[in-house]
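Got a structure for you, questions after.
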Amino acid sequence: MEILTTIGINHYLTISAFLLGFGLFAVMTRKNALVVLMGVELILNAANINFLAFSKFNGGMQGVMFSLFVIVIAAAEAAIALAIIINIFKIFKSVDVSSIDTMKE
Amino acid sequence: MLSLIVFLPILAGLVILAVPSSQKQIIRIVSLLAAVLQMVLAVMIWRGYDPSLPGITASAAGIPQGSFQFIERLPWITLDLGGFGPLNIEYFLGVDGISITMVILTALISAIGVLSSWTIQKQVKGYFILYNLLATAMMGCFVALDFFLFYVFWELMLLPMYFLIGIWGGPNREYAAIKFFLYTLFGSVFMLLVMIGLYFSVLDPVTHNHTFSLVAMASQSNYIKDAILGPDNVMWRYIAFIVLFIGFAIKVPMFPFHTWLPDAHVEAPTPISVILAGVLLKLGTYGMMRINFPLFPEVFQASMYVIGVFGAINIIYGAFCALAQQDLKKMVAYSSISHMGYVLLGLAAANSEGMVGALYQMFNHGTITAMLFLLVGVIYDRAHTRQIDKFGGLASYMPVYAALVTVAWFASLGLPGLSGFISEALVFVGAFSSVTTRPIAIVSVLGIVFGAAYLLWSLQRMFLGKRKPDAAYDLEAGPDGHEHIHFHDWKGKLDLDARELTMLVPLTVIIIFLGIYPMPVLGMLTTSINKLVEVLSPVVMTALN
Amino acid sequence: MSVMALSQIRIPLLMGNSLNAWSEALTGFSIWGFPLGLVILAAIPLVFIALYALTYGVYGERKISAFMQDRLGPMEVGKWGILQTLADILKLLQKEDIVPAAADKFLFVVGPGILFVGSFLAFAVLPFSSAFIGANLNVGLFYAIGIVSIEVVGILAAGWGSNNKWSLYGAVRSVAQIVSYEIPAGIALLCGAMMAGTLDMQQITMLQSGHLGFAHFNLFQSPIAWLPFLIYFIASLAEVNRAPFDIPEAESELVAGYFTEYSGMKFAVIFLAEYGSMFMVSAVLSIVFLGGWNSPLPDLGPVSLNAMTSGPVWGVFWIISKGFFFIFVQMWLRWTLPRLRVDQLMYLCWKVLTPFAFIGFVLTAIWEIYVP
Amino acid sequence: MDQTLSSFGNVFAFLALGIVFVAGGYLTARMLRPSRPNPAKNSTYECGEEAVGSAWVKFNIRFYVVALIFIIFDVEVVFLYPWATVFKSLGVFALVEVLVFAGILILGLVYAWVKGDLDWVRPEPKVPQMPVMPDRKAEGGRA
Amino acid sequence: MFELPSGAEIQSVIAGIKASVGYFIPEIYLSVLFMVLIIVDLIVKGKKNTLLPVITITGLAGSFFFIYQQHAMTAGEMFFGMYVLDEFALFFKYFFVLSGILAALISMDDEYLNRESSGMGEYYSLVVAMVIGMIMMAAATDLLMIFLSMELVGLTAYVLTGYLKRDPRSSEAALKYLIYGAVSTGLMIYGFSLIYGITGETNIFRISEELRLHSSDPLVMMIATLFILAGFGYKIGAVPFHFWTPDVYEGSPTPITAYLSIASKAAGFAVLMRFFLTALPHGGAAYDNIISNNWVLLLIILSISSMIYGNVVALWQQNVKRMLAYSSIAHAGYLLLGVIMMDELGTQATLFYLLSYLLMNIGAFYVVILISNKTGSENLDDYRGLGKKMPLAGAALTVFLISLVGLPPTVGFIGKLMIFTAMLAKGSIYIWLALIGVLTSVISLYYYMLIPLNMYLRESLEPHKESLNVGLLSRIIMAIFMILTLYFGLFFTPLSDFAKYSSALFGNTVY
């Protein structure tokens, strides 16, 4: 159990940076709209980890509050995203972002 | 008075707006009335003008509006800019010798333009509204003494011009219109920056606020030393001068920026060509004389030679191009470029003779070129072509027309006894007497030769000799046994009709009269020009510094 | 050191009366750096689930069902069929584990695991006694509500992974049902939390102890508490897919729903998870509204029944009894009420339970403010 | 040791043990059980019929709608939990605030209700009808 | 760690909240309006195509009363530094309510929108919700509040964008808007978390204090600023965060396009200005050290690339809405110029520009709506000959476009003038930036003039069509927009004074 207590802020930040990287990777390379949204969730969670870690190490509750709200907003965003994607699927029969491109560049 | 003369056309435009578009004749008459009234006002201003007052800058006594006349000065917009004090934009009108010449020219050409517009059949209402807007903007530019106001009028010209070319123009009108618009806007946006820069550099001598007043700006003593365009900031003053000059040069148009002009002229309907050549081009040189040079005299001193060279290039290049044209209107357009070169050359001379010549050339070029374009329009109306080689032997069938063409052509090439001669002569006198421009002047004389060449050649090809086999008209025997020419779609009078004569004869008279007795115009402007020369001279500048 | 630790642990196990004495002793106990105490701590609920599911769950349910339907139930294996569960275990262990060719292997295998772990994790915050709780979280109730939702993932994984139409229908129905009923359930539990003013499970329980026994229970503290109590009970039935809300696994329609394709050990795991959940929701209901490990018996004058039936060991008894009681009710309902149709199910959730839960919430809030 | 962390450490122990238990169960079963797969056995179960196509098909959109509504409500309910622990000490002010909050939430429910997003498709009861067979004779004659 | 505050503390907190509520009345009023709209939509059956917008417009107009009353209140923090009431916020309150009214007004005239079968109840309530969100964006002084209000705006905007559910373009626009929005907001939150880590605060005043008192790792600050800029830049539609703009603007219902291009952008600017001018201290000239907390340099890069990219790419657009989308990118660049100045004058210029942009862009989109109602197309080629068929619309659109170019005597010119005045007031250091500004506006002339070019200079492809008349009300609205655009181009003192008054930013550290 000792290792749990010796974890410093850098551990958290590293994980959050990795999450951010994975999220960005998913956002940039994936074509499925749902996967892209999952990538966004990863980014948000990266930020959440940051907030909680900083809150723990800096003291103060703002970070905790912030991450709570981020979670909530992420849920709301996911709800709207799902609604839009369902609608997209009804129209285009696909959730592939790259194939949904009726408007010319 | 000046407000009236400026806003009279736009009032007419508002009246037209209320007239139903089917009443074409009423619309035309309203416009004509406005134009005639404007001319009357111009004459009244001319009569009331005191030629002994110089204008140009504030007088030594520190009167903020200097010796300008017919002053109208009202606070227009006051903005609080925090640490920079209030931004005062004034409604500031006034005339001096330079502007009054142009005011008269503008009134004259506007009126003739209305007459010439009688043949416009398409969307008459819209046409005259735009035309009147244009007339207001032009007049406003010449009398505005607040830079901001000047800029507003300056930009206001673009849009009506764009539509007038674009809607009522020839087959390639879209291209010409947008080209005109882009070129002139390109020039004027820099003016905007310079204007703001000047605003921050100049203090009104009376109120000690920043000001847009051109009169205050013309006195170097009003500049803040270390401001962005203050005397200490030499680099930016040079840059400002150059970009301003480019802005005006595009309008002139000066050599590398001239390419919009032939396109615009060729595509524009006749009255618009008349306005364009008669007034709009003058705005470029007027801007130089009013703003560019007096505000940056030391830069002007340094760049006189360059300006002169560009003037010479304009003269020779324009003449060369004119020589190569098959299209009569294009030839006239290039001749405009050539003639505006004389103005530049005169300005570059920076002495009284040169400057007076330049301003007088502006006036004369206005009348002469207007006449040229009108004459081109006359033949185009009849033949629907302007190709020089589609004509031949016109003189014997249209004698009056041929006579007027001859007068105009000769005035254009500067035949003594016609007004063009005097201004060109003055320009050359000035250019020769200035050390800087003497070599340029020598080269420029070539331009006269080329000018004579293209004008005489076209005269000979169109009016002398016999009908060419592929001409734009047929010969047919008239009832009196004489041969007549017959234009294919032309139902009107073969030679000039009354309306055309009403336009052309006054111009002819003016050209001849001013060729013989130029004093009515010269007398009006010499005092101001002398003052301008004084402002621009290095002696005064060193004294100030 | 290890010997010392062992000796230390013995005393509180028998004697300790202070809060969480047992579990804290276990937490601190480790051998050569390995937190054996923690493992034991976690193993106790695990063993409990296994034992209860096999005895009361399998055997008991069959027998209860049989009694209700006036039949005998298992009778073959041993006296009164008492060894039936053993036979079942042996059968499940050695039965061939079929993975359908069309299935998504990974999800198919992982699904039951998630299901079970989700259910089991909730046991971490159930206070089995004043002296024993797996993890004394200050957000225990919240945690319990949250962690159960992981089961949804397991169900979906199992249903989707099977690539069987029945399974998928069952899984999707089940998920829709579980998530829908989580709203009224959550709000109903919220009412309990409001009455207690804390989310700590031990605290909630302790606040309901007193000499008057059941009278201190939240359910009897305010007349309004009955509303959330009933709502949570109904919703909890739906959350664990018990009748009358068992359409996800309706045998006659969907052939066991999301676990149609499962057999052998994987089936056993699902089965354990289901029974674990059943106990879990019953325990939560007991803790929030019925005093958890508190004795319901009141002190009757000089006869201090309450004091006599209180204590860590009694606590274990009480909470398990209460849990089992509700499981019994669940079994009872199974044979009493017909299965609801999907539209009725949703109607009940969204248009009856949720509005009433909100009403209960508002009334509770007002009650708690104005009636101290 | 940090109190909070240690509590969650216990949870972690539960998690670990749960996984070990499941994995161990699988392993034990694998050692004990027979493994004799054949294609018929491994086919998808569809009550004895041949399975047609994959089960991974599109689903009734209502399930998604339920999910959407759930997300919103569940998340909002989350906000009420911290409030529930302290509202007694905050008094009437907190009550008013939460009533506003709940009011908006209830408005959302009403909205979904009125817009029909809470309605599930009711199965139309199929009333058995007596088949009218005027051509019975003709059929019979053909048969 | 998680200790409850004592009773006295709680009482003081409650007292603070109660005191703050008094300064929060317009927002509360609008929230009530939002709910009223939903309830009306739920209760009233049948045709609601006029009732709802009328309620929306009158309701929004009613909020002016409450906003006006706030002038008498002193500037200060509310809700423990979450929120602030200052002249800057007041400006945007007026701005957003006005833009909401205009959006509702022009929505009434959009036939596509009114054909939407699912009704317009949500539509107008979402417009109101967006107004609330944007108002809060402009007044938020805490990272949390900024985030929440931005999300409120974003989420409603996604729905509004995809409001035409059967139109593939609308849905596609919504999806793209959503994805880009979610990603950039995610990045912004990450940036916020870094700022929070550096300073331990989420209140922008205290962040600024912390940053001034303690040195911070410049690299981390730079990364944080970049991430945050991603979120703000997305809202204002500046390059390189602009990718959503063309598709979203083209696909959305046109009133929403107008609304997004103006109000959402303005809200982005409000929050961007408040954040950068208040929270981040700025040291010295723009060129010091690239890896330092040099957000001005970042903004300069954003501004230049927006001006150039937006104007250049707009050149070859065939769809008018798409063209206006690219032009709005360019306008974001011009607006950023004012922010870069970091002084009162720059702020004033930006605010003025926003006002002028509101007027001319709403006007332009309104005419586009009217035209597409009649012709069913937003294609440039279908604008041919419209000048004759719809004379007033043609004239009005021309005026708006001229204003968008920035030519006198229109309000757009004054906007540009103010921006450039602010730049040159700084002396010569920003002249090159101003040069890029004016040169790109010359480019913009070309594509803007393509529309009048098609309307007037080209003959219609179907010459036989009769003149297309729009309703009297539409014509009046159009004429009012046009006249205002011209009027404020000549007499702009009131607008400019208002902008000046509003440039007072509570607790800003930059000027």
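Going by the order they are written in, the chains are A, B, C, D and E; count residues from 1 in each one.
As a working rule, contacts are C-beta pairs under 8 Å (C-beta built on N, C-alpha and C of every residue); 3 or more make two chains touch, one makes a residue touch a chain.
Quick caveat, the model's predicted, so the values are computed rather than measured.
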Partner chains that chain C and chain D have in common: none
Chain D to chain E, fewest steps along touching chains: 1
Minimum number of chain-to-chain contact steps, chain B to chain C: 3
Greatest separation from chain A - chain, by CA centre: B
Centre-most chain [mean C-alpha coordinates]: E
Longest centre-to-centre distance from chain D, chain (CA-based): B
Approximate Å spacing (C-alpha centroids) for the pair chain C, chain E: 53
Chain centre separation in whole Å, for chain E relative to chain B (CA means): 44
Between chain E and chain A, distance of the C-alpha-averaged centres to the nearest whole Å: 26
Intercentroid distance (Cα basis), chain D paired with chain A, Å: 24
Residues of chain A touching at least two other chains: 1, 76, 83
Chain D, residues touching no fewer than two other chains: 4, 6, 9, 67, 74, 86, 91
Set of chain E residues in contact with two or more other chains: none
Interchain contacts (touch definition) - all pairs: A-D, A-E, B-E, C-D, D-E
Touching residues on chain A, where the partner in the complex is chain D: 1, 4-5, 68, 71-72, 75-76, 78-79, 82-83, 86
Chain E residues touching chain B - in the complex, by the definition given at the top: 343-345, 348, 388, 398, 402, 405, 407-409, 413, 416-417, 420-421, 424-425, 427-428, 431, 434-435, 438-439, 441-442, 445-446, 449, 452-453, 456-458, 491-493, 496-497, 500, 503
Of chain D, residues touching chain E in the complex: 4, 86, 89-91, 93, 104, 107, 110-111, 114-115
Footprint of chain E on chain B - complex, ascending: 77-84, 87, 123, 151-152, 155-156, 158-159, 162-163, 166-167, 173-174, 177-178, 181-182, 185-186, 189-190, 192-193, 196-197, 199-200, 228, 233, 236
Of chain D, residues touching chain C in the complex: 4, 6-11, 13-19, 21-23, 25-26, 28-30, 32-37, 39, 41-47, 51, 54-56, 59, 63, 66-67, 69-70, 73-74, 77, 80-81, 84-88, 91-92, 95, 98-99, 102, 105-106, 109, 112-113, 118-123
